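Heads up: the structure comes next, in structure tokens.
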Amino acid sequence: MKKLINDPRAVTTEYLEGLAAAHPALLRISTHPAFVVRADAPVPGKVAILSGGGSGHEPLHAGFVGAGMLDAAVPGPVFTSPTPDPIVAATKAVDGGAGVLYVVKNYTGDVLNFETAAELASLDGVEVRTVVVNDDVAVRDSLYTAGRRGVAGALVVEKIAGAAAERGDDLDAIVHLCRRVIGLARSMGVAITPPTVPHSGEPSFVLADDEVEFGIGIHGEPGRARTAFAPVDRLVDELLEAILEDRPIAAGSRVLVVLNGMGSTPSSELYIAFRRVAQVLASAGIEIERSLVGSLVTSLDMQGFSITVVPLDDELVRLWDAPVHTAALRWGR
Amino acid sequence: MTVGTQWVLDWARRSAAVLSQHRTELGDLDRAIGDGDHGENMDRGFTAVMAKLDDVPQDATPSDVLRLIATTLISSVGGAAGPLYGTAYLRASESVADRDRLDSSAIAGLFAAATEGIVQRGKALPGEKTMVDAWTLAVEAALQSAARDEQPVQLLASAADAAEAAAAATEPLVARKGRASYLGERAIGHRDPGAQSTALILRAAADAAVATADD
Amino acid sequence: MKKLINDPRAVTTEYLEGLAAAHPALLRISTHPAFVVRADAPVPGKVAILSGGGSGHEPLHAGFVGAGMLDAAVPGPVFTSPTPDPIVAATKAVDGGAGVLYVVKNYTGDVLNFETAAELASLDGVEVRTVVVNDDVAVRDSLYTAGRRGVAGALVVEKIAGAAAERGDDLDAIVHLCRRVIGLARSMGVAITPPTVPHSGEPSFVLADDEVEFGIGIHGEPGRARTAFAPVDRLVDELLEAILEDRPIAAGSRVLVVLNGMGSTPSSELYIAFRRVAQVLASAGIEIERSLVGSLVTSLDMQGFSITVVPLDDELVRLWDAPVHTAALRWGR
Amino acid sequence: MTVGTQWVLDWARRSAAVLSQHRTELGDLDRAIGDGDHGENMDRGFTAVMAKLDDVPQDATPSDVLRLIATTLISSVGGAAGPLYGTAYLRASESVADRDRLDSSAIAGLFAAATEGIVQRGKALPGEKTMVDAWTLAVEAALQSAARDEQPVQLLASAADAAEAAAAATEPLVARKGRASYLGERAIGHRDPGAQSTALILRAAADAAVATADD
């Protein structure tokens, strides 16, 4: 395995140190326990937005810490949820008296560890609420399983929550808003190469030259099915079909599309995929009111992409457009 | 015959050793139907436990040591396995509070409490291809052994046998909980890593009893 | 070869179409001939900044079209300079009467094609000036060869030129400023995997598991030397050594550092590399006044990174900080 | 014996065919010491030329066709090869302006003018491992052949032989121009793709003369 790292067990710490070195005006880090908070945390009177989960999805979540988005990010080891301790420490570091919202992606490990952290933080007098993001339509039968995964929809929830907190919404209102976004957001992804976890050094799965993992997650777990490699237009068509089948969107609707790279996908290929998304949605009479194209919710060095579609109304557009200033997302300032 | 604090300590040490030995194997199992970190997670957790065992006071009860293991795992494993194993040891600790020595029925009760904790946190039923499968069969074996008035060494051996069989029996199953549930039919033919680590840990418990039981 | 594309010969066109679909407020495209101009082009009375070159380096250059940076980008086929025709067409589309500056990376093909385009555009009455970026210190003996290559330094020149044009500098002043930046900027890169050109389908070179290409270019051409794989800190040390040997920087100086990913390098690894850059420069008494970490000047799906160091003064800081609004770089608005 | 417009047309068609056949080979050569696109570039250029040949008017002179090839290559090849070959054909066109038929010395002059154009644009000297190496030796062979009063068919065969030998002779060289110059010593042992495409094109010229020369 060749990776541009040093000690495989130090990747999370060293990443945080690099992030802090690059963005001193934006954020502060703690390495033991590992968390990132915005430079001016805690912001008195503002609800704090905290997210986290296993590492390996960069820039999610640490790259979204800053004004207008996350107050704190808590990265666990690669693909492994953080334990409650750093979550609690980060919670205390960002609580400005108005409570803390946990944005958790729906994985058993994340849910359980954030659950414990919330209990512990509450014991210490911090008001904590949790929303669980589960936008991945690749997982079926969710009634009888661990349920849908949280993937790139988390980014949208974090952006909207951060904007709402910045404008002064209270914790209840933000929880309500997030649940609404979670109800709307749907995603699905495909991969043409596996990721390689640093400490194992082995690719997470092996794909033949004519295969793709369809309905892939973001932890190297295999997808819904292994299917035949096809031109990207066909892959986009199939992803959109699954997304729109799961939650149909009426002609005339306005949507946000996030065309997300999985880590090692060239930017040009993301735009080629986006081109097809635009064609398909246009022919369905769905208007792409906002879009974001980039490698934002990744799976180490996996090649692939996911599509997230979120129907928008005026309020969501306003919150999406609100200024954000983080390492990975920045506009309006 | 009973087991005591020395048994818990030895169990923890043997668990650490065996999980470190099988780190790659557990990682491979998890890579096939999960995210590949289970070996790493368990090894990290029990390495942290090992670092704390030397400071355990002379007069610590089995319950004290089990609680130390629980809190250490919770704050070092992460993932799904961290809170689940953590809760298991926490409930185990509570179930033997204030006892210095554990007889067969106390051990069976300890396992039952641990399993209940896992089920409460993770909401998995037996047959859903998780560590619950291994714990549940181990508890049944332990209760039967206790009912037959067998000694702890024998009870723990039966529990370990049962857990191993249960781990193997997860192979043909479709998963309904944990990451493997995302795979649907594709999980068939693969052993659940958490069931396998449970089998390893329960075998360590049996070996520890042989090494430390007074008779 | 698996790539997230359709027809390998259509990648540039389809990329442009995707770009246009994602950023309708920012830019307009032409596909035959292929070029991109900012949405409000031509801007009357403003010097227009135009760049271009072979495709495969995205987001360079098309991702830098917009207010505060490029007025036009002209992408050729993958790794192949565009011909004069589209350059001339783009020149006419952005000329606002104050002249057009070509920012050209120093490759024979680019230099010759832009040279011809400049002649043709001049015949049509457009005032054209050209600056050639040659920041790559990996190439030695430049006196007797094609000279140094232009790599990630091009981004810096484009940003500074765009800001200067936006504040109203005339063509001469901008040429002068760009030459100053080119005199200051130094870069070098390393790769651990090759790129694969779409129409060939073969990796551009083959590296063993314990090898890296040191002093790599951005077209899959092999590097200065094939050396042993090493922890990223060591690779950073060697790159910085070559950069600082080529143009020593005094302790107490302030610099801009661009830590640039080569296309398929995970963002986390870029930050791990940046961490080391920060350590080394700090210990040399050099202050990182501004930094940029991201995959910005790429080589298709190559894994690797380059470091660019540019000494700064107050004017350059001001121009770097000036608002920019493009698909790939955005701040200040 | 002379050659005329038919020769230029046939030369272009044969060039297109041979460059398309050798597209991968030229790409591989360029991949080794450049960026791998030379086969693609030349194929794209001559495919564009082919598309224009049908519209060439009956009364076109050799110079007209050479100019059409030049402008088409300039606007379709890109890279270094586009302007260099483009200039070559442009100068070739100028060198035979207003002639309907070309004798041996006109052909030698045409090659000399083409080569001068390449050198002027690219500033490469012979021995720097570029297409200039092939053109230069071909011109020498052509001039010698013309001096020996040989016929065009023979002249063109000698020029093609010389270009092929020159292309092979680029292998041991270090490059001083073009992308291969970035490699320093690492370029040794690899043939220059532009010299190779020149050899192919000049062989096409010789074959076209055999097919179209009046005698």
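Going by the order they are written in, the chains are A, B, C and D; count residues from 1 in each one.
One rule holds in what follows: contacts are C-beta pairs under 8 Å (C-beta built on N, C-alpha and C of every residue); 3 or more make two chains touch, one makes a residue touch a chain.
These numbers come from a predicted model, not from an experiment.
**Student:** Under the touch criterion given at the top, what is the topological distance in steps from subunit B to subunit D?
**Tutor:** Contact-graph shortest path, subunit B to subunit D, evaluates to 3.
**Student:** Between subunit A and subunit B, what's the gap in Å when you average each chain's C-alpha atoms?
**Tutor:** Going by mean C-alpha positions, subunit A sits 33 Å from subunit B.
**Student:** Centroid of subunit A to centroid of subunit D, CA atoms only: how many Å?
**Tutor:** Here subunit A and subunit D have centroids separated by 55 Å.
**Student:** Mind checking the centre-to-centre distance between subunit A and subunit C? Centres are C-alpha means, answer in whole Å.
**Tutor:** A distance of 29 Å separates the two centres.
**Student:** Treating touching as the only link between chains, describe the layout with one word: line, ring, star, complete or other.
**Tutor:** Its topology is that of a line.
**Student:** Strictly by the criterion at the top, what is the full list of touching chain pairs?
**Tutor:** The complete list of chain pairs in contact reads A-B, A-C, C-D.
**Student:** Looking at the complex, which residues from subunit C come into contact with subunit A?
**Tutor:** Against subunit A, the touching part of subunit C is residues 1-7, 11, 14-15, 17-19, 21-22, 55-56, 58-59, 63, 192-193, 209-210, 212, 229, 231-233, 235, 259, 263-275, 278, 288, 291, 293, 295, 298, 300-301, 303-305, 327-328, 330-333.
**Student:** Where on subunit A does subunit B make contact in their complex?
**Tutor:** 54, 76-85, 107-109, 112-113, 115-116, 138-141, 144-146, 149, 197, 199-200, 202, 204-205, 217, 219-222, 224-225
**Student:** Show which residues of subunit B lie in contact with subunit A when the two form their complex.
**Tutor:** So the residues of subunit B touching subunit A come out as 24, 27, 31, 33-37, 40-41, 44, 74-84, 121-122, 175-179, 181-184, 186.
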